[in-house]
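Going in written order, the chains are labelled A, B, C and D, and every chain counts its residues from 1.
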Amino acid sequence: MELEYGPEYDDFRAEVKSFVKENEGVNLIGKSLRSSDRVDWQQKLIDHGYFARSIPKEYGGFGGDMDILKTRIIAEEFAKSPIPKPLGGQGIQMLVPTLLELGTEDQKQAYVKPTLRGEIIWCQGYSEPNSGSDLASLQTKGELDGDEWVINGQKIWTSTAKFAQMCFCLVRTEPDAPKHQGISYLLIPMDTPGIEIRPIMQMTGDADFNEVFFTDVRIPATNIVGERGEGWKVANATLTHERGSLADPDVMMNRLYALIDLMKSETIDGERVIDKPAFRDRLLRVQGKVLAQQANALRLLSSSINKGQDTTMARFITKLIGTELRHELEGLAIDAMGEMGTLYEDSPHLRDSGSWQMSYMYFLGLIIGGGTNQIQKNIISERALGMPKEPKIPGA
Amino acid sequence: MYFGLSEEQQSLEDNIKKYLEDNASLDSIKEVAGGDSAKSADIHKGLLELGISGLMVPEEYGGLELDMLFASVVSGALGSGTAPVPYAGAYVMAPIALTLAGTDTQKENWLPKIAGGEAVVGIGLSEYVGAREDAAITASGKTISGRCLFVIDAKEADAYILANKAGELYLVDAKAKGISVTDLVTVDKTRPSIELNLDNVEAELLPGSENNQDIINKVLDAGRLMLAADSIGASQVMLDKAVAYSLERKQFGRVIGSFQAVKHMCAEMAAELEPCHSMIWHASHCYDHDPSQARLMACHTKAHVSEVGKQISKTATEVHGGMGFTDELGLHYWFKRIGLNRQLLGSPELVREEAARIQNFDQSPAGGQSKKEVGNPLLV
Amino acid sequence: MELEYGPEYDDFRAEVKSFVKENEGVNLIGKSLRSSDRVDWQQKLIDHGYFARSIPKEYGGFGGDMDILKTRIIAEEFAKSPIPKPLGGQGIQMLVPTLLELGTEDQKQAYVKPTLRGEIIWCQGYSEPNSGSDLASLQTKGELDGDEWVINGQKIWTSTAKFAQMCFCLVRTEPDAPKHQGISYLLIPMDTPGIEIRPIMQMTGDADFNEVFFTDVRIPATNIVGERGEGWKVANATLTHERGSLADPDVMMNRLYALIDLMKSETIDGERVIDKPAFRDRLLRVQGKVLAQQANALRLLSSSINKGQDTTMARFITKLIGTELRHELEGLAIDAMGEMGTLYEDSPHLRDSGSWQMSYMYFLGLIIGGGTNQIQKNIISERALGMPKEPKIPGA
Amino acid sequence: MYFGLSEEQQSLEDNIKKYLEDNASLDSIKEVAGGDSAKSADIHKGLLELGISGLMVPEEYGGLELDMLFASVVSGALGSGTAPVPYAGAYVMAPIALTLAGTDTQKENWLPKIAGGEAVVGIGLSEYVGAREDAAITASGKTISGRCLFVIDAKEADAYILANKAGELYLVDAKAKGISVTDLVTVDKTRPSIELNLDNVEAELLPGSENNQDIINKVLDAGRLMLAADSIGASQVMLDKAVAYSLERKQFGRVIGSFQAVKHMCAEMAAELEPCHSMIWHASHCYDHDPSQARLMACHTKAHVSEVGKQISKTATEVHGGMGFTDELGLHYWFKRIGLNRQLLGSPELVREEAARIQNFDQSPAGGQSKKEVGNPLLV
């Protein structure tokens, strides 16, 4: 057991700290996406190795070694300051690793660098109205017509569709193959004629997601990653990525601190909520769970550095436990505020910009999204505990 | 011995549900949530014709003088339909407060108007229940000053009944000088919340409430029962919708309602919710007919239903998958209504503490108020 | 809504009270089962209509009308006194109603009266080691050999096997029929040669249940209730009875009162546990649940008196909710006692005869027994919510 | 950076588990539970040969002077096998108390014997943690009197270390005059509990503990970590057994582990339990290397693991169906061991309250010790 990162990393942290300090004046609020200011900032981060650190130089990355601890130090130091964070999003987290592993040289050249620089924003076209938990049953159709794919169908839960230039999309191209073997992974420019985007208004009052309709959308035949019918495999590499990223324990811990602060400042008849033992005990139960999650995350971090640590289970449970716990934590905050906890939007007396109600609902969405927690339990029992898959039902 | 709704109660419930199905569709609720006050006024008018305003008003003042079980039944039906109308405060708590504590003049001035659907009286007990932000009102001569948060049914009300910390109730005309009304925006768009700030506003004490917390407690119990009933109605709809959706929605070649995980989620919701129906009936009955149990039952019903409702509103949303998160399906109107009910008139921890005080847990010795079991505890 | 029972019942209650008072000296502790004192007492209760009230006189009952309220009044008044309670047990609760409905005249004559009088004690032979939740898969075999059934096989969870004179038993007599249609309901004298009883030691330290082994056990061919192959239907009438009886809300309420008393008398550093708000809040949560259950039970009581009240759901949930709640309640008592709550058997400082630990474990057994709570959830979802049965798996 | 067990720790765990598999089979445990003390002595002897008694004893007194993570790893392995031997008190808490607070003579008298497996020292902190039955000891001159309940590892001990309410620790020879030992019978038959009654019994103060609660807290933290580790080990076995049983047991023509309900019960157990392994490692590490977090982590680990263990011991039993309720399968030995661990050295509510005091929740203002989140809380 050694929780120190060691002197090399202390030096690195000092370097990051000084970068952060030097750039604390940078402010991109109000700058539009893909504006030169944003792209320049992104490039600066890449040049310093604070972003795209292990991606080869030839594709626009920093070209360094993979180093999870440095990645973590960067995240920690950036989190302490209001300076602009490195870009995230599905293009960077899912598409780039996929292309680097399975894309053609042309695809890597065309897409990786501008994606890293923020010049191309991607959206993900996976889920369909009738294919949620059972994603592999998706029906959006792609037919090869000469040297073009013709795409018809509908996607849903597409989060950045309104801003995206490109969509990485799962499309059924081999209708006669078994369902997992009939899918291809296509790259679709969002300005292609025949694409319509409709935002989905959600319970939080925002519309973070969209439906995307494809009607005779034609794209070049070369816009496929991997072979025809291999799209399921191509996508699965990146799905793994997504699940791991949903429950950052540092964010959870910060949220717990904010809850403690809230319970110290919120009062009932002049008495602080934290001084009411029934509330306090609920807080402490949550704190215990958060600390357990934090330790689990340390173990995962360690296993990504040190070979040979088996963390199958520790990894599979993070989405389930993380989303449920966060929902519970936000719900406790609402109870601590009582009536004031129901305030929302721009109400007078609103606490913390309404983030508690917002997160309470949003994390219910995350309990559902990204593989519902029922699917997560299937996965845990089957892949980590070795229990049997649901038996096949005739005709299903 | 008959434990359940009478035919009249059942038919009142059915009528209101039917009315709301026909006149307060999800689309209408969305319009109201979007700010269409004409729409909510229409719905309100129709419900007044069904008699919701006169249930609690004594016959001599033109009301129906029914018992609390009627009021709960109506509240449950309104919760089922997320009805965007005043009720718990204006038509249950306010007339009870006036009837129990008002002068003849006060009663004559207001009760007939309430029964006739001509007046809405909002009610503000938050300071008494547990003051947030140090909101408080103080009386001085014939005026009161201070702040009341979360005055129920007070948006566009004609008058307010407001409690101070001691539980004394003051009647204030909404047009009186010195009142400023601030909208509070909550998650629940079906029932507006407001804050009142009062600067030397003319006010009449409801004299029965002076130095007598029994009155405000009776008003509070009634309000808590209404909120609980509303949440039960809303929770039942969420469960019903979850079951129905699970029988339509297919994944992996079968309806999701055939998966044991989904079946058990629904069974757990049903198992938690079903006793709540009986509980609100029992608590409402005790309100009128068993004073020794009335307060305890009202507190426990409010708290227990709030916990069950929270769980159901989560689980039912989960059964709906991504669609449960959308505005399109609109499940969140019920989710948020249950969420607001949970916090109004005391969140569960506060109400349970009150239930403990009612039972004198802090004073009585062991064996004091309880009977010891006879015989083997395993004999079931 | 009318919770009073009415004047007729007030009179009846007064009558029962006076009976109880007159007989408060009766004490059967130490009298053996089936002793004449016990049989006489049982007969006295029948003569007064305090037991077997609605069973016809010709079969040894009181011959009165079915009156649930009177039944309840009797139970309530008897519960307040230490006088001996009417007999219970599976013979009276399950076998007698079954025989009255489906038995031959000879069977009714032979068994009902002595069972009511406590002269015959029954045990139930349903479950088998490989047939628990899937009871209908039972394999104990019955073959007709001339005018005798020959029975071979094994039963388990047979609770009163050691004292019983008779066993009502489910036996596979039609091995080629579909599983639900191959079972017969047989009545087996326990002194028949070839029966062996082995007690099952359980987690509570007691052995309330047994295994019963049948080896070439021969009984008369006439010892069958209903037709060959109809045993599943015959048994199901009585299974319904069993499920309803597992969660008496009066017992629950008494147990809650005992818990409140316990928390008032138990102290930590001299402070009463009930004065510790974190414990008190747990108590109040449990109290809320108990009150909800009590109201549900009132509704069920009402529906058994008043026709037309639909209580399908209210009835199906009682076993699930009742056993879980009771387990929770007992567990809270243990926590309230802390270390003292782990004491057991004949330990010094033992509270309430160790009944809290005993019940905590016993109710875990009841969560499992009588149809596990997972099976209960299946039943609730299928029979009360109308959700589909588990699809048939090929080969299963 | 390496978060996890070292090779030495892993191999120590494996060795103890292997030893218990070979020498403390379920049949052996049943014999011990039935009163066969020779059997438990045998198991104890074998474990002493594996070095369990010397882990916490400084090298200069013949011990291994290892860190707390080793002790937790051993405790987890003992919990896995429901090992019927002294450990948390005799070989962890007692040597820590002596090392931190004893005189040189006290150390010389006892530590080598503990390390060598020649002495068992029981430890009684119940009064300090929360006195039941007003059990208390008082010192007068060189003697102490009073009562200690639930003295850990004290059955057949050679000496006891007992705390008073102030947290001062007294060392008492088990053969001293005036001691009477009463067996307490608990549900857990693998570890005996006793009560001591003391009547002017000769006792030595461990002088470091005088007016200094840091010592007893350090001893208490260690004890809580051991109990938590023991429960984690036992819970893991219950989960493993449940999964294994569900893959063997058939109903309805399939193994029950293929039913989604059973799969999800197992998945939920795993999801709750898995982080507990990391938590006990982290808490043990903090015990030695991060004093600012050590007490908080020890309290939270004890409380959290107790809650998880309670749930798992219930659910794993349920997965076993009726067999889970029998002595034959013996699952209840783990169930009851987890049950006793939950209550020893403070039940969850008490320990959480202690965690609150450690964080000064009762004093510090908002923002005092916590950092405010930066940025959007939805950025996950």
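Quick note on the criterion: a contact is a pair of C-beta atoms (placed from the backbone, for glycine too) under 8 Å apart; a residue touches a chain by one contact, two chains touch by 3 or more.
Bear in mind the structure is a predicted one, so any value in this text is a computation, not a measurement.
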Pair of chains joined by more contacts [C-beta pairs], C-D or A-D: A-D
Farthest-lying chain, centroid of Cα atoms versus that of chain B: D
Distance from chain B to chain A - Cα centre to Cα centre, in angstrom: 40
Computed distance of Cα centres, chain C from chain A, in Å: 53
Multi-chain contact residues (two or more partners), chain A: 276-278, 280-281, 374, 377-378, 390-391, 393, 396
Contacts with 2+ other chains: residues of chain B: 254, 259-262, 264, 349, 352-353
Chain B residues touching chain C - in the complex, by the definition given at the top: 1-6, 69, 243, 246-247, 254-255, 257-258, 260, 262-264, 266-268, 270-272, 274-279, 281-283, 285, 289, 297, 300-301, 303-304, 307, 349, 352-353, 355-356, 361-362, 364-368, 370-375, 377-380
Interface residues, chain C side, partner chain D - complex: 127, 130-134, 137, 156-157, 200-203, 266-270, 276, 278-279, 282, 327, 331, 334-335, 337-350, 357, 361, 364-365, 367-369, 372-374, 377-378, 390, 393, 395-396
Parts of chain A lying in touch with chain C, wherever the complex brings them together: 276-278, 280-281, 391-394, 396
Chain D contact footprint on chain A (complex, rising order): 1-6, 9, 69, 79-82, 85, 88, 245-248, 251, 254-255, 257-258, 260-262, 264-265, 274-275, 277, 280-281, 284-285, 287-289, 291-296, 298-299, 301-303, 305-306, 309, 313-314, 317, 320-321, 326, 355, 358-359, 362, 366, 374, 376-378, 380-382, 384-391
Touching residues (chain side chain D, partner chain B) in the complex: 259-261, 264
